[in-house]
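Both complexes shown next keep subunit A, but they swap its partner, so subunit B is in the first and subunit C is in the second.
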Partner chain A sequence: MANTYIPIATVTVGSGGAANIEFTSIPQTYTDLLVKASLRDNRTDSPVTDTVITFNSSGSGYSIRMLYGDASFSTPGSATTSGAVYIAGQYQNTNQTTSNTFSNTEIYIPNYTSSNNKSISVDAVTETNGTPIYASIVAGLWANSSVISSIKLAPMYGTLAYVQHSSATLYGIKNS
Partner chain B sequence: MPIGYEPIATTTLGSAQATVTFSSIPSTYTDLVLVTIATTSVGGRDYNLRFNSDTGSNYSFTVLAGSGSAASSTRASNTSNTGLYTVAGTSTSTPGVVINHILNYSNTTTYKTIIQRGNEPAGEVCAGVSLWRSTSAISTIAITASTGSGNWNSGSTFTLYGIKAA
Partner chain C sequence: MPTKLVVDCSTGVTTEVELTAEEIAQMEADAAAFAEAEAARLAEEQAKAEAKAAAEAKLAALGLTADEIAALGK
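And then the complex of A and B:
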């Protein structure tokens, strides 16, 4: 039986950095999409930044439920947003953290060609062999009936950029 | 040989039903991945798995969940199915997504561990681990939205993948 976990595209950030990582012209031939990303931005005033996820360059219709924990809290926390302009909450490393450490981020996007709203699953960790480190899981919703044809990842603040060696790969998964 | 998901079976409901079952699961893979995109007829349902029609008290689970305002954790032992917090909304506008990793499912010497991620954007996000205390190979998986109450709505999709080790 055919292997249906197919790499569609990989983006690796070069020495000049990049404001975002974007997959465009995503083929409609799969059932689900999976993005595996290794991310670090050039922020120096915080050990963590939210990774912003947007679809089809849309700036509306996003909401989340998130659960997070870090080394400085004795108990984990939870947060939510609605009516947002992006999906945030999943954390990525910054230049304030241990050198050469990048986040491990996984974004699962089922049924991306359907005409229903899109529910997604995100897991992200920023382990650095130091403190604080962050782990977060996110249930995201894009309340839009459009087929997803592009996915953009970016640091939450527009002045930030991904540093060299940040990377992301988009996979397509078929259910038959 | 590339390592990846191989689709075993997909069920998309044409009408509401209480339980979705995958049977005659081949034992030729290393792990299974079960992906559910679903809504339910009754809100606040949990997501339960039962293997090989075993209704005995042979399951246990631990769940970490976030509602958006609070984090919580729970566990249960000697239950009659696996457990995961509310993960399926009643509206098609907010389908729940559950991803189950069923490890080493066909071995006949150890109990079976299941790693789970549940996502309901309008409800809760959760991570869980479940155990089925049986050395039998898993050949059947039944999925319910809380045992004995509530239906999966029409349009809900359940896909079972197999993963082979290198």
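And then the complex of A and C:
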């Protein structure tokens, strides 16, 4: 049972927006990592976007199993991807949602300094004053023996950007 | 020029960095790939919906009620 949550770094997007957020030079002194993010991008043709997660700027070896649904339960489902260039599936807010609302995302990465493949779990939900609201949980794998030294978050669909006040905090967690 | 935010966890310093031409080209390629995949997904959904409606119409023509047709899908 983890008994420490140490904030390593926090980033908040400024007025100019940001195409992505990246934590680099992550210290290798913890057991697990946790990212808590509050996200909103500038997409206008949909109320939801996937957050793309990559490690160490790597573009290979990712697999996911995703469960998702919206508040009306009209479109629950699951998806599986293997051999992907990133981990996707966790939902985030867009500019089509109510102004000044942000999605909540929690990314847990156990044993990030291990030489084994890396597992990841993500729990995300969007927010808006109305419907639809989307939720997703993702079990992910990065088939790579490298320690994780950087984590990048980005909106999935190409040229989108995070808007002002989006933020993310990286925590280190020790098991003793 | 689009930018990204890079946080150096060893120093706590956040730097706003302009995307390179390669990064922008990759984003645009990703957007095009997504648009293509999304169009294919929507077309598949529409085809499934049309097939379902056609099947339900045939069952109704055979005399099944709406409740009986709905029960088949449960």
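Some notes on this structure:
Note that the second predicted complex is superposed on the first by the 168 of 176 C-alpha atoms of A that agree within 3 Å, B and C clash if a C-alpha of one lies under 4 Å from a C-alpha of the other, contacts with A are read in each partner's own complex, and residues count from 1 in each chain.
As a working rule, contacts are C-beta pairs under 8 Å (C-beta built on N, C-alpha and C of every residue); 3 or more make two chains touch, one makes a residue touch a chain.
Every value quoted in this text rests on a predicted model; they were computed, and no experiment measured them.
Of the two partner chains placed around the shared chain by superposition, subunit C is the only one that A:A18 touches, whereas subunit B remains out of contact.
Once chain A of one complex is fitted onto chain A of the other, the partner contacts of A:G77 are limited to subunit B, with no touch recorded for subunit C. By the touch criterion defined above, A:S167 lies against neither subunit B nor subunit C after alignment on the C-alpha atoms of chain A. Look at A:N42: by the touch rule set out above, it reaches neither subunit B nor subunit C. Touched residues of subunit A were counted for both subunit B and subunit C, and B has more of them. Contacts of A:N56 after superposition on the shared chain: neither subunit B nor subunit C is touched. In the superposed model, A:N175 lies in contact with subunit B only, and not with subunit C.
Those residues of subunit B lying in contact with subunit A across their complex are 2-7, 10, 35, 37, 64-71, 92-97, 99, 117-127, 155, 157, 159, 161. Interface of subunit A with subunit C (complex): residues 8-11, 13-14, 16-27, 156-159, 161, 170.
Interface of subunit A with subunit B (complex): residues 1-6, 31-32, 63-69, 75-80, 108, 110-111, 116-117, 119-121, 123, 137-141, 143, 173-176.
If you check the complex, the residues on subunit C that touch subunit A are 2-12, 14, 16, 19, 23, 27-32, 34.
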